[in-house]
Structures are given as C-alpha cells and as structure tokens.
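The next part holds the structures, each set out as structure tokens.
One chain, chain A, appears in both complexes that follow, with chain B as partner in the first and chain C in the second.
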Partner chain A sequence: MNTFNLKEKRSSYLLHQMRVLMLEWRNELAQIVRSPSFAIPALIFPIMFYGFFGLIFNKTGTQGTGYLMATYGVFGIIGPALFSFGVGISTEKDQGWLAIKLSSPMPISFYLIAKILSAMCFSVIIITSLLFMAAFLGGVRLETSQWLLTYLILLIGNLPFCGLGLWLGLSLKSNAAPAVVNLIYLPMAFLSGLWIPINFLPEAIQWLAWIFPAYHLAQIVLSVQQLAQPFDLTIHIIALAVMTFVFISLAIRAFRFSFLNR
Partner chain B sequence: MKNIYLVVTIFIVSIISLLFLPKQENLQSDKPNNGENLSINNINYFDGSNWKKAEKIWITQGKFYTSKPVNWTDNTDNEINGKDLFLIPGLIDHHTHNWDNALQEALSFGVTTQVDMFTHIDFLKAQKKSLSKNNIQASFYSAGTLATSSKGHGTEYGFTIPTIDSADMAEQFVKERVSEGSDFIKIVYHHESPYYGHFTSIDKPTLKALITAAHKFNKKAVVHISSLQGAKEAVLAGADGLVHIFHDQLADEEIISLMLKHKVFVIPTLSVIQSFAEQMDHSFILQNGLIDKNVSKTQKQAWDQVLLPQVNQSSKHVNIFTTALENTQRLYQAGIPVLAGTDAGNPNVLHGASIHNELYLMSLANIPADKILQSATMMSQLFLDEQFLGQLIDGAPANMLLLSKDPQTDIRHSQAIKTIFKNGIAFNPKAEEQASNSWGHKLLSDFENNSLTNEQALSFVATSDSMMNGNSKAEVLLTDNTCDGQFGLRVSGEIKPGFPFPWSGALVSFSKDWSKSVSLNSHRSLSFSVKGSEGDYRLMVFIAKTQRPVEIPFTISQSCLNIDIAFSEYPTIDWSQVQAFAWVANKTSNSFEFVLDSIQLN
Partner chain C sequence: MKSANNDVIGFSNASTIYHSPILTVNQLSKSFQKKSALQEVSFSLNQGELIALLGPNGAGKTTLLNHLIGLYPVEQGSILINGFQPGTVNAKQQLGIMLQSSNMPNALTARENIELFSSYYLKPMELNSIIELVQIDAFVDQPFSELSGGQKQRVFFALAICGNPPILILDEPTVGMDTESRHAFWQVIDSLKEKGTSILLSTHYVDEADRLADKIILLQQGKILLQDSPSSIKKRLSAYAIEFDSQWFVGQINKTLQSINNSSAIKITRLGHRIQIVTTQELICLTQLLRSNVIEANLSVSPISLEEAILLFQQQIKFQNKKECAA
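Presenting the complex of A and B:
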C-alpha cells in the first residue's frame, strides 16, 4: 500500500513538474510571438534569402539548391537560438526578471529548457519551409531518410548556438547584446559558407571557418547529401560537441559571476 | 496547455510531411532493379572468357541466368529471338576521368562500368551511392584523388587536391583516400626522362611507401608511368598495375620478366596516346554503328583534323604511338594481362565512344578478338574485387550488349549495338530524344525588353574560368551605351592566369541545365553588333557530346561593328546540336569591356 502511495506521489510530482515546464514554455513562446519585431525577421529572413539566392538567382542546378538548402537551414536555425538566448537573457537579466526566476521555486533548468524548446519551434517552421521550398520549387530530390536526417540534424543543431547565446546573454549588457550577437551571427554565417558555398571563398578564409560552430554544423548537414568538404565527419561532430561544452562552461562561469559572486 | 499541444502537433505533422517530399528517382536508389523478365533464344554469347551457344538465357530481377529461374513464367512478349545476334557483357573502360554526365554518356555507347583514375572528390562522393544498381548510367569505381607530388601531374586542373612529398606521409595519405571512398589508389610516378615536362614527381621511397600503405588497407595500387624505366621502378616497388603503356622506348626482357614475376597488369590507353601523338583518325568507326550514328559531326571532324599536317607534329610524337602499339603487343604476347582503358576525359578521347577505338587499336597490336573482349570485360577482376564484374554467368548483373554483328570476325562490330542492357533493363538514351529540336526563333536578344532574359526565357549570364577555380572574372549588365536601340549587354571582365584554358565573357545556353541542344540548320548565320575594348575575341559554340567548344575568332573596335558569322564557313561545326554560345575575351586580354547588341539568327 505504502509503495503504491509512493509511486502515485512520485508520478503526481513528475506530472506537476512537467506542467510547470509546459507553462514556462508556453509563456516563453507567447513572449516571442508577442514580439513580432523579433519573430517575423527570424522566420522571414532565412526563407527569403533562400528564395532569392538558393532558388531564383541560383545558377548551379539542383545540387546547388540542395547545398544551399542545407546551409540556409543552418543560417535559419542559428538566428532564433542566438537571439532568443543572447538578447533575451541579457535583457531579462538586466531587468531583474532572471533574478526573480532564480528565486522562484521553478528549477532554473526549466527556464533554459523552455527557451531551447521555443528556439526549436522556430527552427521547425524555418526548416520545414526550406525543405518544402527546396523540394517543390528547387527540384531537390532526396531519399526520405535524407530529408528526415537533414531535418533532425538541423533541429538538434540548435543546441550549440543555444549554448553560445546563453553565454553571450549572461555576459553582455542588454544594450550591447543585439549588436554583439549580430557581429557574431552575420560574419560567422558568411565565413562558414552558409550564404555562398565555402569552396568559393579564398583558401585562407576556408580554414578560418573551422573556428565557427556554424561551419561544422553545415558540414554535418551537407554530409547527408554527400556534399560536405572531404574531411572526416567525426571531426565536425567532435568539434561541435567540444564547442558546445566550452560555451556551456563559459555560460556557467558567467552565471556564477553574475549571480553568485555579487 | 492547449497551445503546447498545438505546437507539439505541428512538430509531429511537420515530421510526417517529410515522408511525402519528392524522393530521388531509381537513378540513385538502393532498391534492387525489378525490371521485367526477359529471355533470349538461340543466342551466341560471350561469358567474359569464352563464346558459348545457348538455346535460351533468362534475365530476371536484373540478373542473368543460363537455366530457368525459379518462379519463371513464360511470356512470349518478352522473348527475343537471338538468331544472328551476339550477346557480350557490357564493356568496362579501365581508365577514365569522370565529371558531369560522363557516366550516362559512357552507357549510351555500351560502357556499363567506368573505372575512374582521378576525379573531383565531390563527384566521387555524389556517385558513391550504390551505382551498381543504377540503370541509366555506367557503374563507377574510382581512385578519387590521385597520389601525386605538390607540383606533380594532377595538380594542373584548377582545383586544389591533397598531395604527398615524402614517404612518411604515405600511410596517412592512403588512409584519407580510403575514408573518402577510393576503391583503389592511383599514383603518379615519373622516372626522370626527356618527356618529364614541367611536372615534379614523388620519389621512389614515397612510391614504395604508398603502394605498401595501399596494400595494408587492402586496396590495389596502380601507377601512372610513361617511361620504361618508370615502369620498372613501379613494378619493383610493388605496383599491381600500370595505367599507361610506356612509350619512350621498346619493352625489353627485363620489364617483361619483372611484370610476369610480380603479376602486374597494364592498361595501355592507346587512345589517349594516339590523340597525344596526333595520330587520330576515324578508321575505327563501323559504318552505321552506334558511333557513326551518335557521335556528332563536329567530333568526327575533330578526330580527322588531328591527322592533318600540324606545324608541331614531330617524329617524336609519331614514334610514341607506334612504340606504344609495339609495346602493347610485346607485353600481350609475353602473357602479361592487358586491360582495356582509354583515358577518356582527355581531348579527343570520349566517354563511351572511345572504348571502341581502344578495342580496335588493340587489334592493331595483334591481340585476337576474344582476348580483346576479355580485356574489356572479365579481366576487370584482376583489378577490381567484384564477383560478377564483366561476366555473364548465373546470378551476374545483366549488364550486356546485344550485337547484330559478330565481334569475333571484326572487333569493330562491338559498335553494332542493337540494345544496351543495364541491370536487365534496355537502355534508352534520352539524349537522342532531346537532340535536334529545331530552333525557329530569329532574335536571340536585342535587350530592348530591359532584361537579360529574352522572350524564350534564355538568359545571358556572365561566364569565366572562376567556376573552375580559375582567377578570371566576368560581369554582365544592361547598358544604354549601345550600338542601336535603347539597351544592350555590357560585358566586362578580366582574364587572369590560374586555369589552363582561361575564359571570361557572356554566355547564353538553350536550356538552363544544358540538357537540350537545338538545331540551327534552318538558319544561315549568327549576327550581332558589338563595340568595346579593341582586340581579338572568340565566339564559343558549344556542341552536344563534344568536350570542348568550337571557337570562332572575331575582332572588336571602339566603334560599332556588325558581325555576321555564316554557318557555311564552319562546316566542321555540327549546327544541328548547338547547346550554347559564349562571347569571350582572348587568352591574352587583361581587362576588357564590350557591348553586345542585336544578336540574331538569320
């Protein structure tokens, strides 16, 4: 009888926690949706850019369309992750909202998970739109497994950029964050070969791309279509994992500095 | 919470919707071929080793059988009467360089397997996906990136490749090639000789280390050589095969005994040596055969032209071809395995078509017809580890050619192809269907619609060797500084060294992906007005199934000139298969600018 009660209590506790997480996620989503100045560009830009450069002005045939589908996919998912975390957290930190969250009974991890899930929601819309545009407007033909893999890699590919955004958000003042995030986001996108294929960039710049997580993610996504550069895939996976670890470590350090050492 | 359920539902729907996205055609599918059942009665067939006579052979599930397969149901609709026909395995070209649609082109001439000796890594990766199941292009085995020194042969093609300069790099180099998907390792090695040219070469220890590393990874190592001494050193270093016949001097006893002792095969590539020696002709072409019908007039003219007296045709060039033929004969007669390979991808050596030339040249080296057929079929197994390759035996993929003439009597009958089967499916070359659509429009563009795209949706675009990693640049813009009317096309750019054949200018193609050629036979000339930087320029005419465009020179001055290029003055150009025109600056130009206008077919 006691065991039963314990189980019941545990499942009720878990349900409650889940409900808290869902509510936090819903609030986070509502907040984003109610900020059209963020939501609309985040959704429209990658889709529009891909439409222009991947479809209309693309002269490289369906292979180029498929290539740019992968790289603009990476470009698309980075935006919400970097801005939602980088700009969002720095603002909430400066406004004291993060401090309130910290002092509330909700685990702080739920705050972060809700942000990751929200960024992923944006990614779902962006990725699905890009894949459909590539398939029906650009004539890209892939195996079902390749479509699914591209989708899932891009979705999971959010995480390193959430980590990077988290670090930036916790480190930067809210008035500096948008500028700094843009300063990282746009050059990184270009230098990682997200806008134009990396092979078209000068060789020295091609090597510079190795320091960016976007390059490694793009190569992993491109490898699904066998369009990646001739380097071992595991190098990119390890590089991305190490970068994610470094970003999260830096974020933890910044968090401690901001809230615990005060 | 409802919102969350909505989000989760959208997520699930988006995933499910991916299942309905268009898939690749069978062209690149892993699925086995399920072509219809087929049987051929009373057929003489070559199984890769010997000629046999069968009352009936069966093809089902894309495979060849000499006895009735289980669950076979007779259907007279799918029976071929093989009387007076001859069935041979699909041909294998053991030395090719592939890009673009080379594999389709190869199959359209009866080559069902292309062995690639060096290609761009992107092409290798794209083609690596289960090509043996591919029904509309040749199967593909490749060395991927070749092993050469930092300024060696192979580095001159405008794209960067990894190179090797010391023996201690060998294992890592081979490991990388294997991880990229190379089926074997191809090494470029030159013993120092008068024909060494401006290339560098790996040294002997590096050659040996590369071969050892290849064997460690269970891959064959084949070596590009051109001299007798280079061949000896490659054999002593442990090479499995030589991918050219040496042609600097005649084979001696030493090389023969070395090759026999070390069981080394040779792929002579007489076709490319013949082309290099400017000894091409079209005596190999069988009248009304596949090449006679399907190779463009322009290409045939090009084959003939290399026979014309050339200023630089020295006896050295003539000798290398006769030496190559003699050496092929000597090695064959000594019992050294000779595999057919063309080096297709080089000037005047075509994918698919040239294998028939190679077979003919082997006959000039006094190799009997059945041995020549073996060299282009079953003998592949000395090189590539593939069970059924080049064979028509029970369970082998039905890659085969049905011939209407007997190749035992004349090897040129290999061109009398009635049907090409790939995985049991009769190949229907789409190119033929697409060819020769007559182009009825006169005006290509006068740009008066203020657009780079004309009324037939043909677009004028910039073109330069930068697309091959060259350094030239080009730009096209509309301009009002024109010869007549309101608008014209301003073409500007710069020719810079960095690519072997630099070009820069403007191009218009009759289809976006170059899949279509048009016949201009109903027109007599192409005219355009032009002005700009003074100098010599070229009109490039791109012809289907021809490797390089034909170039027609013209001059530009600062005042407007009306240029009329009469087609009758260029009888070597096959005007019935034009794919594109390009107006480009000469190789010697630096910066240039010109305005094109009123481009018209008359």
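Presenting the complex of A and C:
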C-alpha cells in the first residue's frame, strides 16, 4: 500500500515537473517566435547564404556542396544558441525577470533546458532545410548513417554555444549584448572556415581557428564526409568539451557575481 | 480589484488563523566591500500580519528582501521561512514575490505568465479567480509591452499571488498605480490578510503603510530605527504641527526657536505666506513664537501624520548623530 502511494506520489510529482518544463518551453518559444527581428534572420540567413554560395555560385561540384552544407549547418545552429542565450538572458537579467524566476520555486535547470530546447527547435528547422537543399537541389549523395550523424552532431553541437551564450548573457549589459554577440559570431564564423573552406584561408588564420569552438564543431561534422583537415578527430572532440566546460564555469562565476554578490 | 472571498483564495479561513511567527529574521547582517548594508536586523512576521518596511533609498530594504527570497546568501545571522532556509525550494513554495521595477518579456501575455507561475506551486489559485481578483481581464491577453505602468504592476501582483502562498513579499507594489487602483489593491491586501496571508511590504508611501500595516519597521543605513505599530509610533513620536501666516523668513524663525532646536528636532517649512512648524515641544514653541510676534494670523495646532512623525524622528536621529560626531 505504502509502495503504491509512494509510486503514485512520485509519478504525480514527475507529471507536475513535466508540465512546468513544457510551459516554460512554450513561453520561451512563443517569446522567440513573436520577435521577428530575431527569428527571421536566424532562420533565413543560413539558408539563404547556403543557397547562394553552396548551390548557385558553387563551382566545386557536389563535394563543395556537401562541404558547405556542413559548415553552413554549423553557422546556422550557432545563431539561435548565441542570441537566445546571450541576448535573451542579458535582457531578462537587466529587466529583473531573471531575478523573479530565480526566486520562484521553479528549478533553475528548467529555465536553461527550455532555452536549449528552443534553440534546438530553430536548429531543427535550419538543419532540415540545409540537408534537404543539399540532397535535392545540390545533388549531395551520402549514406543514411552519414545523413543521420551529420544531423545529430549539428543538433548536439548547439550545447557549447549555449554555454558561450549563457556566459555572455550573464556577463553583459542588455544594451551591449547584441553588438558583442555579433562581434563574436560573425568573425568567428569567417575565421573558423564556415563561409569559405578553411584551406582557402592563410595558414596563420588556419591556426588561429583552433581557438574557436565553431572550427572544432565544423571539423567534427566534416569528418562524417571525410572532408575534415588531417587532424585526429579526438582532438576536436576534447577541445570542444574543454571549451564547453570553460564557458559553463565562467557562466557560473558570472551568475554568482550578478546574483549572489560573491 | 475585488475582495478575495473564501472560494477565491482557498486558504485557511479566518477562524483558524493563529498568530505565530511564519517568518523569522534574526541578527541579520550584510556588508558590501566593507560597507555595512544591514546591521543585526531582527524581526518576525506572524501569520495574517502585514509588516511595512519603510526607509529612504539605500536604507537596506531591497538587500533585506533579497536575503529573504534567496538571492543573497545569509552570511551573518539567520532567516527561517515557515521553518525552511531561504533559497530552498521549500522556502520558495512559501513565498509570492513582487520585485521593484521588474519587467517581463515583452512578447508574452499576462495569461501565459500566470499559467506558468501557477504551475510552479503545489496548490495554486484558479486562473479565472486570479484574473477576477486582480481585475486584469481587460488586458490579460495583450502583450506585456502594450500595458501601462499600473497595468504591469497588477500583472506582477497576479504573479505573486497566483501560487496561493502563505507569505507575500511585495517591493513597492503600488508604484505607477493611479489612486483608484491603489485603493483597490489595498482592498485585496486586506482580504488576503483576513484569509491568513502574511505580508512583508516595502514601500515609500507612508500613508500606505499607515493604512495597511500591523507593524512598521523603519530602516536607516541598514539598522532598524523603529519597530512598532503605526498607532504606537504616532503616540511615541507624539508631535504637533503649528501652522500660521507670517512674513518672517524661515531662517529668522529658526533663530527665534534656537533654544528648542538645540534640544530637540524641529522642522520649519514655508508655503507662500503659510509657515508650518513640526515639533515635539509645542507649548514652549508656541510661547516663544507668541513672545516674538512671529505669528500674524490663522494659527492652527494639530497632531501630525505618521509621515511627519517619521520624518521628524529621522531628523532627530540625524541631529543626535551630528551631536555625537561633534563630541
């Protein structure tokens, strides 16, 4: 009888928590979708750029189309993660909304998970569009496992940028955040070889790219098609994991400084 | 805003209310880079009681509230919220919070946010009951960005009470509200108190504190200067306002009353021809004024309001501090 009650309590608690998370996610998504100044460029730019440079003006054949599908995929998923976290959190922090959320009984993890899920929703639209364009308009032919792996890596590849965005969002003032995020996002995309293949860039820049998480993620995605630079894949995975850890540690520090005053 | 009835609030009814501390703050101190923000603050909030926190800007009101809601860790002293440490989920379940000068995401509606905040609590109020109680039905589905300042405050109040918590922490809740909305807000507060909700209200409006509070805490430079009921404070700081017409300058009157001024606080203000003197020594003051022929016409003497009493008290404290510094 007691075990039954305990089970019932546990399942009702889980249902309650699930409802909180769903509502949190719904509000987060509604907030993004109702801000066309964010939603439209985040969705249109990667697809449009890939259409121009990967399909229409591409003179390197299907290999180039496949290559740019991977790099524009990385470019596409970074935007929603950086802006949703970086700009979104800094705005909510300065508005006092984050303080209200933090002092409510909601688990703070739900706030972050809802943001990650929302960024992933955008990623799903971007990745699906790019992969469809590559397959049906660009003539890219890959094994099913390669398509799936590309999709999965890009989707999970959101996380380091969510960490970077979280740190920026907690550290920056809301009026500075959009400019700073753009200042990081666009040069990082170019210097990591997301617009132009990294091999076409000067050697010094190729080495500089190692400091950017976008470069490592792009190399991991490209390795699915055996188009990555000749370095061990493990190095890129470790580099990305370390960078994610550093971003989250910095975010925790910024959070303590902003809210706990220590 | 409407009065909360038993159906709406769903909290313990008035007959079961007992006056025991539901929130206790004991010897709480806090410093920011060696600058003291709170100094050994102690008080307790009973069930169904409303405490008004008063004090000038920078007195430590928001720092105190930030400790209660778990945003600042308790470093010195202790806080218990219905038996729980602040910042824990259990403590947060006891609190409904309305913070000073907050904003919510512009694109979201009040309904969406109330639904979300209600879901955080175990026994929330019904959505329609909240909408009716706080009277936000006219704009509940409008984006937050389209609401006026007073309407936004009402939405934040709805978020604070939607979880049906036993304790409300309200930081300047009526800022931006028009007179009608303020009075309606007071009525809801009254009915919540009747149902047993305990409220800690930080405000700059002394009339609001006088109207709503069972106890007033006056904070200054992180210290509690006064902690008593409004009526006791008025009695304790018993003082009178002497008003009359006069051509005399404030400086001249000040000189005339110098003997009183040196021993006790006195506040002289002029509005056109009218002079107002607030003093705790009304008889000596009147004698002095009559002797010096300062009063020209329309003399009136009346007990001061709570606001004037507190201002006078703060002036007395400043005067004492100056004296101590000089010594």
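Everything that follows uses one rule, which is that the second predicted complex is superposed on the first by the 261 of 262 C-alpha atoms of A that agree within 3 Å, B and C clash if a C-alpha of one lies under 4 Å from a C-alpha of the other, contacts with A are read in each partner's own complex, and residues count from 1 in each chain.
Basically, a residue touches a chain if its C-beta (ideal position, glycine included) is under 8 Å from a C-beta of that chain, and two chains touch if they have at least 3 such contacts.
Being a predicted model, the structure only gives us computed values, none of them experimental.
**Student:** Using the overlay on chain A, decide if chain B and chain C clash or can fit next to each other.
**Tutor:** Aligned on chain A, chain B and chain C fit with no clash.
**Student:** Is A:Arg19 contacted by the first partner chain B, the second partner chain C, both or neither?
**Tutor:** The answer is both, since A:Arg19 touches chain B and chain C.
**Student:** Based on the superposed arrangement, let me know which partner A:Gln31 touches: chain B (first), chain C (second), both, or neither?
**Tutor:** second
**Student:** Just to be sure I read the superposition right, which of the two partners does A:Gly96 touch: chain B = first, chain C = second, or both, or neither?
**Tutor:** Once the two structures are laid over each other on A, A:Gly96 reaches chain C alone.
**Student:** A:Pro41 contacts which: chain B (first), chain C (second), both, neither?
**Tutor:** Once the two structures are laid over each other on A, A:Pro41 reaches no partner at all.
**Student:** With the two complexes superposed on chain A, say which partner A:Cys121 touches: chain B (first), chain C (second), both, or neither.
**Tutor:** first
**Student:** Between the centres of chain B and chain C, viewed from chain A's Cα centre, what angle do you get? Round it to the nearest 10 degrees, please.
**Tutor:** The three centres form an angle at chain A of 170 degrees.
**Student:** Kindly classify A:Ser104 by the partners it touches after superposition: chain B alone (first), chain C alone (second), both, or neither?
**Tutor:** The second partner, chain C, only.
**Student:** For A:Phe259, select first, second, both or neither according to whether it touches chain B, chain C, the two together, or no partner.
**Tutor:** Only chain C is touched by A:Phe259; chain B is not.
**Student:** So if I take every C-alpha atom in chain B and every one in chain C after superposing, what is the smallest distance between them in Å?
**Tutor:** 11
**Student:** Could you pull out which residues of chain A sit against chain B in one structure and against chain C in the other?
**Tutor:** 19, 23, 26, 30
**Student:** Touching chain B in the complex: which residues of chain A?
**Tutor:** Against chain B, chain A makes touches at 19, 22-23, 25-26, 29-30, 59, 61, 63, 121, 124, 127-128, 131-132, 135-136, 140-144, 147-148, 151, 199, 203, 226-228, 230, 232.
**Student:** Under the touch definition given earlier, write down the residues of chain A that touch chain C in their complex.
**Tutor:** For chain A paired with chain C, touching residues are 16, 19-20, 23-24, 26-27, 30-31, 34-35, 91-92, 95-97, 99-100, 102-107, 259-262.
**Student:** Which positions of chain C touch chain A when the two form their complex?
**Tutor:** 32, 69-73, 89, 92-93, 95, 97, 99-105, 107-108, 112-113, 115-117, 119-122, 143, 159, 163
**Student:** Under the stated contact criterion, what part of chain B meets chain A in this complex?
**Tutor:** 1, 3-4, 7, 10-11, 14-15, 17-19, 21-25, 29, 121-122, 125-126, 128-129, 145, 160, 176, 179-180, 461, 469, 512-513
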